[in-house]
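Got a structure here, written out as C-alpha cells. Questions coming.
Order as written gives the chain letters A, B, C, D and E; numbering starts at 1 within each chain.
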C-alpha cells in the first residue's frame, strides 16, 4: 500500500484547528493516517503551504446543458487547446472545457472535489457518463426537483409524506447528492407563455401553490430526510434589481432549518425593478451572519468571457433581450427548463462592475467563512480558472484597490467596497475554498487533514503573489496519489462519484409509475439508474431527522 | 431533372436483412417519377432508365407517381449504391455532400443496350 | 538690392506657424466642384476676423482626382491645431455636402490627421456607411441625389501663415497691376494660397487704439496717412501699397511663392517691394526678401 | 534576395507548414529553413523533408511546386511577400495582418481566414469560404484585401467585418452571408442567397442575380464609392470595363431580418 | 401493409400489464444494462420475455419493446410495440455463422485482427475513425480515445445527417425540448423536409401527433399538424395542412416566414418564388404565433440540399423568433439509434460535435476539412476505422475510391460493402439486442439498453477496447506533449 509523508510544510487545516503550524502529514492507501513507515516517500514541503484539496460546492461541469454550451462555442475552444500526453487525454478549454480538460485543470489548480449544481434527473445518466470522463476529481451532482410536475401535484394534493418519499426515490433513481431548486415555480409559466414568476406569493398557474410554499416544503422534507447537504437553492428573480427581498424571503422560509443559497451575489441587488441595480450586500450578509442555519456560495463575477448556462430559462431569455446572438433554450419534460447565452463581463459596464463589487462586499463583510464560501458559479460568473485571481482579490487589499481603479467608477461609488480594508488570512482562504464547502456539503472526509480523512492534499509554494501561488500548486495529492508532482501532471487518476442513497418506502413507486406512463416518454422501469452503471462511487450517508436523537 | 434520394420503409427493413441481399439492392435501384414526365419520355411502369450526373451514371427501374404526389422534374429513389454513384463529393465546407439534390439527365434504356 | 528697377527693401516677412489641411472637392462637372470650393473658402481671409484662412489652391484635372472627376484643391489653415477639425467639418459639411454631385477627399498625406468624415457621418442618421479602400476610410452619407463621399481622415500639418509682400507703386492702378501679376505667379506655385480676396489689398497691423480690437489699418504703410502724424515707412514716391499674404504648407513653398511674386511684380513695374514684420518677436519664420531672391537659402531666421 | 522553396517530395497526407512566413524565416540560412518544423498528418517533420531551400530567409519568399496539400502558408504573416508559383492548400494567409501573398494557381478553401490586413492575390480559382468566419465565430475577416481573378465557391466573405474581396469570375451560393460590413465585388455571376443575414456592407455584381425576399429595391444610381472601388480593382488588373465604372447600379437593401443596412448593387445594363 | 397502418398499429401507449408490474417490483428501481430486468417466462425454458427493451434502429429509441426471445434459436420471435422498421430490426438480427474476424478476406482470430488493426492505426499518418451512430456511448467513448491516442480524426455519421444542423447550432443556438414536452404541450406540430412515416414510424404515435399529454388531453384532436415537403410523401396523410414547397426553395420559404413573423415587408412574389401562396403563409404564421406550444421538426430534406446548414439555421432562427409570441421549439429528427449519443460523446471529450482532428495532438474542428466525405474524397486519409456504418455503399464515388486504396478496419453486425473491402473486418454483436449500454434518443435523453440474448461475437466496445489497449502497448512514447498550438 503506497505511503507518503509530507514534512516541514506550514499546514492549514482549519477543521482540525491547525493554523499554519509546521506539521507532518502521513498518508497510506488514500487516507490520512497517524504515521507511515520509514520507507514512505517523503515530500519536503519547506517553504510551502499544505492544505486539504479544494472543494467546489457549485459549478457546472457535466451534463446536457454543459455539453450544449460546449458544442455552441467552437470559437472559444480553438483558442485554448489542451494537448494530450502519455498520461493525459487531449481536450479543449475556454469557458466550457471538455471533460478531461475540466478534470485536469481542477486538479492542477489544487481542487480535488467539485459538485455539478444542476441536473434534470432524466439526464442523470448523461451526467454520470461525463463525470466518468472527468478525471482526478471526486464529483457529485444536485438534482433539479424544484419545478418537478409530479412533486407539485403531490404537494397540491397535500400528500406531504409521499412528497418526501418521492424526493428520496428520485435521489436514488438519479444517484444525486442533494435537491436543487432553481427559480422555483417558474417553469410552468415559462413553458406555457414564456413568462417568469416574480412574486414568491403568486400562485403557480394551475397548481394551487406558491413558490414560497414549494421552497418551504422542500426545505422541510430534505431536512427531515437528513441529506448531508440541504436543499441547494437558486432563488427567484436572479439578476433583477430589488431581488434581495426575494432572497431574504427564501432564507426566512427555512424557519431555522438548514438551507444553502447558491451564487448569492446574483441575488443581492437593491433598487427598483426595471431600474439600475444597487448593492444590497449589507442586508443579505447581515441575515447570513445572524442565521447559522444558512450557508451560501458567492457566485463572484470575474471579468472576461463567461457563459450563462442555467435551469433558469427566463434569465437567459432576459439576457437575450440585451444582446442578440446565439441563444439556447431547452425544455425538459416534467422536470426543468434550461437557457444558455454566451456572455462577457466588462470592466467599464456599470452593471458588471457593480456585480463584481457586490460579490467582494459579501466576502469582505462575512463574519463566518465557514458559511459563505467561494464560487464563481462556473462558468456563469466566470471560469473556475479564475479562482486564484479571486483569492488574490480577497487576500491583497492593495491589489484590490488597483483593480477597482480600472472599473466603472459610478458603479463602485454606489457600493461600500472601496472603504473595506479587510484582507483574508490564509486560514480563511483554506476555509472558504475547502473546509467550509466540505462542511456545508456534509463531506466528513473532505476539506480536512485529520486522521481518517481522504488523502486529498494540495501543496503550494509560498508566494506573495497569491494568484500565482494558488494557480500552480507544486504537489496535488488525490487519494494518496501524487497526480501533480513538482508542478507537472504525472499520474493519471480517476475520482469517484459522490452520491446519497436515502432509504425510502418502495410503495412510492406506485404513485410515480402512473405519472410516468401518462406524461413521460421514458419508461418508468428504464428511468432509474442502477449501481452497475456507475464508475467508482461512494455513498455519503444520510441522517434522517429521527436518527439525530439517537446520538 | 433533380434526383431526391431518401429513406423508405422498405429500404429500412431490407437494410436490416443485409445490404448485400437482393431485396435491398432492388429497393435501392428503383426510381419514382412523375407520371406526366414519364409519358413525355414514352416510359411505362417498369422500364429501365439511365441517370447521368457529372459523377457517374446508373441504370435503374422506373415507377410512376401521380403528379400531385411528385412534381414534374423530380425523381425519387431510396438511398443506396445507385444514388452514391451519382452523388458529388463537394461538401462546401460542411461535411455534407448534396445527397438530396442531385441534378441528373434521364434517358430511356433500349432493351438491347442494358448491361 | 534691386530687380530691374524695383527696389527690394532689405527686410523680412515675419510669418507664423499655423495648421494646414488640403481638401480635394470633386463633382460631376468642374462647375459644381468650383461652386462648392468657392463656398467652402468664403469668409476665410484672415484669422483676425474669420474662423480660418482658406482659399482655392488650384483646379485639379479629372485624371488627377481620387474619383476621376473634375476637382478643386482647397487649402484651409487655422492657428490652433484643435480648431482645424471643426473648421473642416463646418465647411465641408455646410458648403460641399450641400452642393450637387460633390465629394470631398483628403489632399494631404501627413503623419497627423483629424477625423472629418467620421464626424460628418452622423448626418446619415444611421444610414451612413464606411468603406476602406487601400487603407483609406471613406464615409458614404446618403443624400438626395445619391451619396456624399468624404474621407474619414484629413491630413494636417504644421504650416506657415502670414508670409507677405508689400507691393508699392506710384499709383493705385499701376501698383495693382503689379500686385495681380505677383498673385498670378504665386498661384502657379503649389502648396500655397493667398487668403485675401483676389490675393491682395489686406494691410493691417496688430492692435488698435480701441480696446478689444486686435487689428487695425496699417497706418505706417498707408500713403494717405503719411501726413497725419504716423510713423510712415513709405517714401514720397509711393501712392499705393498692396499687401499680399501668403500661407503655405511649407516654408519652402512660401519662399518660392514670394520669389515668384517679387519677380512678377518687378516685371510689371512695382517701385518698391517690402514686407511686414514685428521685429521678429512674434513669428517663428523670418522670410528675408534678399535672401529669397538670392536663392542662397535662409539665413534670416 | 528572396528565399526560394521548391517542393521536392509530394506529401501523402496534408502538410501543415505555418512556418512558411517571412517573420519565421527571417535571417535563417537555407539549411536552417529546411530544419523548421512542419506537421505531415500526425508526424512532426522538417520542412526540408519536402522542400529544398535556396537563398536565405528574407522578406520575400518564392514557392515552387504543386502545394495543394500544403496548408497554412503565410499564417500570421505581417509583412513581406510570398509568391506561390502554383496551387496552394487550405488556410493560406490565416491570420495575416500585412504583406502580400500571390498565388499563381488555384487556392483551396479558407483563403485568408481571420485576416486583418495585407493582400492575397489568387490568379486561379479559390474554394469555399474565402475570407469567411470559421464555424461558430461571430466575424470573418476584419481587414485586408482578397483578390481572386478566377471564380470562388460558396460562402465568400461570410460574416466579414471589414475589407475587400474581389472575384473576377463567378461566386457560389451565400456570398456575403451574415456579413457585418466590408465590400465584395463579383465581376461574374452571383449564386443564390447572396447577403442572407447581412447586417451592413456591400455586395456588388456586374450581372443580374436572384435575391432573397427580404431584400427591398431602393433605386438606380451611381454610387461614387463604387466608382472608386472599381477603379481601384482595375488598377489591380481586374477586367473592369469603362461602362461599369461610369455605369448605373440598382440598389437593393437588406437583409431586413437583420439591421437592413446592407446593400446589393447590381449593374444596370 | 400500407404506410398508414404503420403509423397506427403499434403506437398505442400500452398500459403496463399486471405481470409487468409484478416483474418490476421483483427488481426494484431497476434498469440494468448487464442483467435484463426480466426472467424467463412460461412457454418453455428457452423462451424469454424482455420487457421495456429499447429499439435502437432509428433516433426514436423507443424503450417500450416487449421482446419474445427464443434463446435456443437465438432470435427474437416477437417485438410487441415495435413499428415496421423495429420489427425488421429485431427479427433480422439473428446470429449468422460467420468468422468473427477476417484479415484480407481470410479468417483470423480476434486477437490477430486486433493486433493488425492496432498496427495499421499506429502506422498511419492520417488515420480516420468514422461511423459510431449505431453503437453504444460506451463504445463511442473508446473510439474517440483511439483517435486521440493515434492522433487521427474522429467523425460520426452526423456529418452526413444533421451535421449541418450542428453547424447551424454553433451560429444560431436553438430552442429545443425533450419529446415529452411535445407530447404534453405541443398543439402545433410542423414537419419540414422529413418523412417520419417511413423513417421514424413511431414519431407520430409515441411522441408528437397522436399521444395524449398533460395539456393535450385529446391527442391528435388537440393538435394541428403541418407537413412541408417538396413531394407528397407517405407522411402527408397525417397532416392537417400540407404545404408543397418548390424543390430547393426551403431557405427562401423559411426566410419569408421569418420576415412575416417579425413583421418585415415582403415585396417579392412569394408564390412564384416558393410555390406557396401568400395566404397559406399568412395562415401558418398566424397559427405559429398563437399556438400554445409549437414544434418544428426538420429532416434531411433541409440538411442534404443546397443551403445545408443555412437551411437548418433558418429553421432554428425561425423557432427562436417565434418565442416572442409563444413557446416554440425546433428539433432535428435524427436518424440512427445513437447518432445523438455520438454527438454528445465526441462533444464532451473534445469540445466539438463531429469531424474532429487530432493530428496535432489536440482536438480541432472544421467541417469540410476534417469531415469524412471530404477527407476521403480528397484522398487524404491513409487508414480508416469504420464502426457500424457502410460508407463504401453510401458515400460519393470519389470517397469510396480512397477506401478501396487504403487499409480499412470495419466493425459491423453484417457483411457490407465496407466490410468487403476492409483489410480487417470484425463481426460484432448488435447493440441493444446482444449488448447493453447507453444510447441517446434524438432529443438527447439517455436510454439504457436491455439485451435480449447473447451473441457469439464480441460487441463494439469490447473490440475497440482491445484495439485501444493493443495500441497503448505497441505505441512509442509521445514525442512531444506540447505540440504546436499555433494552428487553427
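Observations
Heads up, the rule we're going with is that contacts are C-beta pairs under 8 Å (C-beta built on N, C-alpha and C of every residue); 3 or more make two chains touch, one makes a residue touch a chain.
Quick caveat: nothing in here was measured; it's all calculated off a predicted structure.
Graph distance from chain A to chain C, where chains that touch are one step apart, equals 2. The chains that touch both chain B and chain C are D.
Summarising the inter-chain layout, the chain whose CA centre lies farthest from the centre of chain A is C.
Chain centres computed from CA atoms place C at the largest separation from chain B. Should one ask which of C-D and A-E has more C-beta pairs in contact, the pair is A-E. Annotation: 56 Å between the Cα-based centres of chain A and chain B.
Computed from the mean C-alpha positions, the centre of chain A lies at a distance of 47 Å from the centre of chain D.
Taking each chain's centre as the average of its CA atoms, chain D and chain E sit 37 Å apart.
Rounded to a whole number, the gap between the C-alpha centres of chain B and chain E is 24 angstrom.
In chain B, 90, 92-93 are the positions where the chain touches two or more neighbouring chains simultaneously.
Listed for chain A are residues 72-74, 78, 325, each touching two or more other chains. Listed for chain C are no residues, as none touches two or more other chains. Interchain contacts (touch definition given at top) occur between A-D, A-E, B-D, B-E, C-D, D-E. Residues of chain B touching chain E in their complex: 2, 4, 6-9, 12-14, 16-20, 55-56, 65, 68-71, 73-74, 76, 79-81, 83-85, 87-101.
Of all the residues in chain D, the ones that touch chain A in their complex are 134-138.
Listing the residues of chain D that touch chain B in their complex gives 109-110, 128-129, 153-155, 172-173.
The touching residues of chain A, counted against chain E in their complex, run 62, 64, 66-67, 70-74, 77-78, 81-86, 88-92, 94, 96-100, 122-123, 125-126, 129-130, 133, 149, 169, 172-173, 190-194, 317, 325-334, 340, 506, 509, 513, 517-530, 532-533.
Only residues 124-126, 150-152, 167, 170-171, 251-252, 255-256, 258-259, 262, 264-268, 270, 273, 306-307, 310, 358-361, 365-369, 380-382, 479-480, 483-484, 486-488 of chain E touch chain D when the two sit together in their complex.
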